[in-house]
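Per-chain numbering from 1; labels A, B, C, D, E and F assigned in written order.
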Amino acid sequence: MSKSYRRLAAPALSLVAVLLTLFHSDTALAADQLNSGDTAWILTATALVLFMTLPGLALFYGGLVQSRNVLSVLMHCVAIACLMSVLWLIVGYSLSFTDGAGANQLIGGFSRLFLDGVGTDTLAGAIPENVFFSFQMTFAVITPALMVGAYVERIKFSAVLILSGLWLIVVYAPVTHWVWGGGWLADMGVMDFAGGLVVHATAGISSLVIVRALGARHGFPNDSAPPHNPGMVAMGACMLWVGWFGFNGGSALAADGSAGMALTVTHIAAATASLVWMMIEWKKYGKPSLVGLVTGTIAGLATITPASGFVGPLGALIIGVAAGFVCFKMVQIVKQAWKLDDSLDVFAVHGVGGSLGTLLVAFLCAPEFGGLGLPEGKTMWDAFGVQAIGLAATIGWSAVATYILVKITAGLTSGIRVREDDELEGLDITAHGETAYRLD
Amino acid sequence: MSKSYRRLAAPALSLVAVLLTLFHSDTALAADQLNSGDTAWILTATALVLFMTLPGLALFYGGLVQSRNVLSVLMHCVAIACLMSVLWLIVGYSLSFTDGAGANQLIGGFSRLFLDGVGTDTLAGAIPENVFFSFQMTFAVITPALMVGAYVERIKFSAVLILSGLWLIVVYAPVTHWVWGGGWLADMGVMDFAGGLVVHATAGISSLVIVRALGARHGFPNDSAPPHNPGMVAMGACMLWVGWFGFNGGSALAADGSAGMALTVTHIAAATASLVWMMIEWKKYGKPSLVGLVTGTIAGLATITPASGFVGPLGALIIGVAAGFVCFKMVQIVKQAWKLDDSLDVFAVHGVGGSLGTLLVAFLCAPEFGGLGLPEGKTMWDAFGVQAIGLAATIGWSAVATYILVKITAGLTSGIRVREDDELEGLDITAHGETAYRLD
Amino acid sequence: MSKSYRRLAAPALSLVAVLLTLFHSDTALAADQLNSGDTAWILTATALVLFMTLPGLALFYGGLVQSRNVLSVLMHCVAIACLMSVLWLIVGYSLSFTDGAGANQLIGGFSRLFLDGVGTDTLAGAIPENVFFSFQMTFAVITPALMVGAYVERIKFSAVLILSGLWLIVVYAPVTHWVWGGGWLADMGVMDFAGGLVVHATAGISSLVIVRALGARHGFPNDSAPPHNPGMVAMGACMLWVGWFGFNGGSALAADGSAGMALTVTHIAAATASLVWMMIEWKKYGKPSLVGLVTGTIAGLATITPASGFVGPLGALIIGVAAGFVCFKMVQIVKQAWKLDDSLDVFAVHGVGGSLGTLLVAFLCAPEFGGLGLPEGKTMWDAFGVQAIGLAATIGWSAVATYILVKITAGLTSGIRVREDDELEGLDITAHGETAYRLD
Amino acid sequence: MKFVMAVIKPHKLDAVREALGATGVEGMTVSEVKGYGRQRGQTEIYRGAEYQVHFLPKVKVEIAVADDKVAQVVEAIQTSANTGKIGDGKVFVYNMDSAVRIRTGEQDNDAL
Amino acid sequence: MKFVMAVIKPHKLDAVREALGATGVEGMTVSEVKGYGRQRGQTEIYRGAEYQVHFLPKVKVEIAVADDKVAQVVEAIQTSANTGKIGDGKVFVYNMDSAVRIRTGEQDNDAL
Amino acid sequence: MKFVMAVIKPHKLDAVREALGATGVEGMTVSEVKGYGRQRGQTEIYRGAEYQVHFLPKVKVEIAVADDKVAQVVEAIQTSANTGKIGDGKVFVYNMDSAVRIRTGEQDNDAL
């Protein structure tokens, strides 16, 4: 492991660092020796998180749109996965996780472009750095892919690629650096175990900005079409759930009780939020729906994400309940009060969920709520202050930067929206020349 | 790890204990130290077993019903997964795996309600207790979900939830305690590596009881509708197969040759039973079907489950052949002779398979059959006696308790069956307000 | 671990041996002690590779055919998986990986029939031999399954079973022994990390031979039907991608930086080739398609396979670009110039990809290209020579042997092709008596 | 010859087929359709948004019959498809000029 | 009574339904069909192979109407389904002998 | 004008389309249907239970033609869809009152 990286490691992986020192003292980290068990788990977690996007998220989103756009949604997700991976190798990882020297509070440096200097024996803590790189890459893949849900059924494919690519570098990499890469939020001790800020808040708020610029789908809100394939939605949600074990459990960067607790609380929050969403629908509409149930699942998962390494089972139950109620409400507010066609509710589920969890963790990590405890000398309100600052900064930067990136993209693609004809005929055939179902 | 738990551990995890002492002496268990490799594997196995239910089993069952009920089946599986998880946290785990003091032969105690007292550094053997908890939770999720196959296409959703919840506590938790949690069957040395009794026999026999109370679907048996989507069935079966590596392989609670052998025999039994089922169909009906092939897979998997840590490859071949023949026959007997609409053959495949494996392991674990051997001084017939007692007790308790629980559920839901109109129109729209396929 | 096996291990697992000594010296291999972390990863990798076939490949292929043949394709894949597993246990593993005594340059021996002599404590390096057996079994499953893509929509099911079974023993086992089992190519130091020769070249060239004997589908090439379900294709491709982490990453047989690098370069090559394929289509046809994008993915994955343990990220980018261009071109040549109905492009994607990677690795493994280096004293051109010999031998043997096996199979099944009527009506109903979609 | 076209509830198809069989009808052609009528469509709610689904699933049955059988056929359909609830469907009858059996070339009544 | 059958572009269905509603039509039956006409089918390219897809997705609307309403109905369809682009579809009108409402047994115009 | 409706075997659609093209027919509308006739349905066996599937997949082709072309069109279908095996299907012909091309408003024979 290069010296610059090691120097960075302690503050950089803030959450990890905290955890490691607090709960992880039983594994030999100090010596910077490879732990094959930890490595095995993070290799697995990498596969699990990739599985979340491919095909989990793709199916989850694909089932929610109309049948004439399902392939375009899958295409968005897969193409984003490919492009983000390559960009992550070229520059994203380096900007996120290396020392940015003078600018280090804000952004990393260029020492790891193309994974330069990383051999098979370069370590990042107790795991190979290439494993850490790949694990983080899967996060960089899913975050822009989450935003697909905001702009489906009407955006140009070229705009998807350009906007996502720019966004990775201008929004995702800096925020990652702030929180996990040794930047200013890490220095303040912000808690974000697996990406409430880095992943869900950035994607959620950016989605709203994109939707405002893009406009609503034809027929919104009165004549929108219902999901074309709720079973596909549920299948995707199940895969997201399973993959999330790697997302949150893997963020411990070790195969130990900390990973186990992250996995446990993740599961409990997901289960609880699902049940809450189901009960709300049952009470309010008379029938609990499958799409509602699994939307609750995703809300629970997004909300527990920042908190997953800090809270206990009781905290997970509370977060699950909060996620169910708050996200359910927000879905309606965005569509009905704000009249924004955030088509698959990226903001209401991911943005709001991730933000909620980011704030709640300040309290729920306290032992009083069964949490794993705050660093010595810190009160809940101290922690809450830091979390709020982190959230405000993340939202602010994501919104402003995305606004500008959308303008740039619109310039490059002569407008990010497809022609109305093409929208009506469907993007599958007009943008990709394909037909989804020939079942006869 | 709390003292009470540790005291319990040896007899409790009977199979594990046996195995560990017999075959596992090379890893440092005695010292109760975290093994990160073992932990990595059980974290992974937890994800794999969750994947079996979500979406594996859901798709397997969903494809077998009519298109107007497919969402209701997915809904059953997902909602059960959520509810069982929460109940497992609240009370199920504690009842199953803690010391029940005076009642310990029959049921565990309350010391682990809400995972009380389990921190990130609490161990269960060489893995964190929270990992053990989560791994076992995925078993508690899939077992009631298996029973979905018995009552699809005609049951009230509220009845599904209530019945499953009660069943977890009244049937699953006690039997788990008897066999794996230090209860009377563990004391007798019953062999059930991964749940032939605990999972498959309980679910299988309970299914029959539910079916008798619920009645057959409209049109059964002459006008039943064929599976609406055999490809979905096969996809689900494949996921079950892959996930079963975690189910059986994970039940070794270690990443070692015992896990490896469990995985190997699991795979061989599944492959063999599939081929047998295929050949029977080919011979009997002239055509081997995909649904038949993968039903054979599941039969093989269920049958090897109790035996997977005790037999060798030869035993797996024998079990595979037996599973194929016996379960095939039972499918016909249940439907044609008994005229019971156990709609997706839960009893014939899981109940019979799990029971068969439970009995066969008494012989096949002997070195003569390539097995890993019985404890010293025990003969095959000794072992068989214990297995038979275990099976009888499991069946007896499951049947009686389920009978009563169905009555209670019927009382609470004013009858567990939907109105005939709703059955004919389909549960997707009538119970959940959704339509599965809008492909045009 | 038995002595004969250990003697074999060094030359046998040539690539592994090389890697282990070069990069893996930090884990205690010498002592032949179980490493639970490595074991955890290979157990996981085994599940991942099985997942590639079941259901990954099955869905990938199933979506590409017409709806009246989709079940037959799933049936082929599942039944092959079952049959190969049993044959692997009986004889395939032994022929591939044991010492063949006098014939050892060409083929292994019989000492491991039915896994004879392998207990739970028998090791293969740092992992249990049963884990190594199972991991390799999943390779033996997917390789004949790859060939399904060549003969879909017109072959007899009985011919599929017989041909695949014979092929495993006559083609796959020997080539595996040559390359990974201590045979003559291993002795020459051929580089094939995860199966460019063993898996992709053998399957690719054999596919062409089968297609020539079988003939084209009715209507080829002018009236072929487009893929019936591109979304299913993409879902399968995503699963293949995720599973490939186990395929290539697991081939390190350890959870370390070598596995991490294999996973990393695998991912980068896949992403790059996908983007290249997409851009070619976009330029050439005006629209980038989902089926094209994910075909690029598979091309990238197949091409990096032999190289994955030897090259660095830069090499992966180069391989990705080469895979995209070359495989795209070959798809057209096979169909348009050679007029061969290799229906799902097994040769052009797997055969050509695997061969390309096998040759490129000779150069790209050099440190100049960011690779991990050649053994001391070897030049790129030395290496290239060996790779070329390995490729020629593999192609030659696969072609000749498959040619003969097809003849034998045709004799046994009175012709391997179904009646034209049955082809037109579709194999789902005529061969398996099933209907794929009843969605109303 | 007449051509009878009926729109019925999907789960009544089996009953109609059997009733027609009883009248001696040996052939029919069936398709999935969506119906709009007095029976209002359903409202589906996904994630809090209401979707008005105007069309309901129905099945269309088409039967070519000899003139003398029309009354009987219509009667059979009407009886067997009846549930007494709104949305039961309609039976329409047209005149048909000619019919051919593709396999044999038989014409008109012989072709049915 | 007449029977009107129209083949239209799928995304025009809502417009047609509303236009028909305005003329007082209370029922119709709709199905997915594939159309072949002057509007040539599309070419789809998969893995470099071109597939000529001859048929395009269309929607068929069937409406039984009383004689005096036919002109109005045809007019409504023609106006609402019109995009001015090739492939807009056709309206066909036939004579219908009789109609029955299955639920009530009402006949002919009463049954529509 | 006449309206020709044919029920054929699915894999004969391409042949019929080409044969019709040769007669100068420029448009048609096609849909998936399920047929019941002398060709008995198939039995599918799942897990040992037999399912009697009464209906077989067929394709319905609808063509509006000018009167003078009817014979030719029927002939073309009958020849091209013929396999000589049971289940080949039927051709039905009705009278049509009028036709309109939605795009242009052209009427009757001009609309076909």
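Going forward, a residue touches a chain if its C-beta (ideal position, glycine included) is under 8 Å from a C-beta of that chain, and two chains touch if they have at least 3 such contacts.
Just so we're clear, the structure is a prediction, and the values are computed from it rather than from any experiment.
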Contact-graph separation of chain C and chain D, given in steps at minimum: 1
If a chain touches chain B and chain F alike, it appears here: A, C, D, E
Any chain in contact with chain C as well as chain F: A, B, D, E
Between chain A and chain F, centroid-to-centroid distance (C-alpha), Å: 52
Chain centre separation (chain D, chain E; CA means) in Å: 18
Distance between chain centroids, defined by C-alpha means - chain B, chain C (Å): 33
Chain A residues counted as touching two or more neighbouring chains: 35-38, 40-41, 44, 225-227, 230, 255, 285, 287, 289, 291, 433-437, 439-440
Overlap residues in chain E, where contacts from two or more other chains coincide: 31-32, 44-46, 53, 94-95
Topology of the chain contact graph, where touching chains are joined (line, ring, star, complete, other): complete
Residue numbers on chain E that touch chain A, as the complex places them: 11, 14, 42-46, 53
Footprint of chain E on chain D - complex, ascending: 2, 6-8, 31-38, 54-55, 58, 60, 74, 77-78, 81-95
Residues of chain C defined as touching chain F within the complex: 223, 424-425, 429, 433-435
Residue numbers on chain A that touch chain C, as the complex places them: 33-41, 43-44, 46-47, 50-51, 54-55, 58-59, 62, 70-71, 74-75, 78-79, 81-83, 85-86, 89, 114-115, 119-123, 127-131, 133-134, 137, 157, 255, 431-440
Touching residues (chain side chain B, partner chain F) in the complex: 221, 224-227, 230, 281, 285, 287, 289, 291-292, 295, 328, 331-332, 335-336, 345
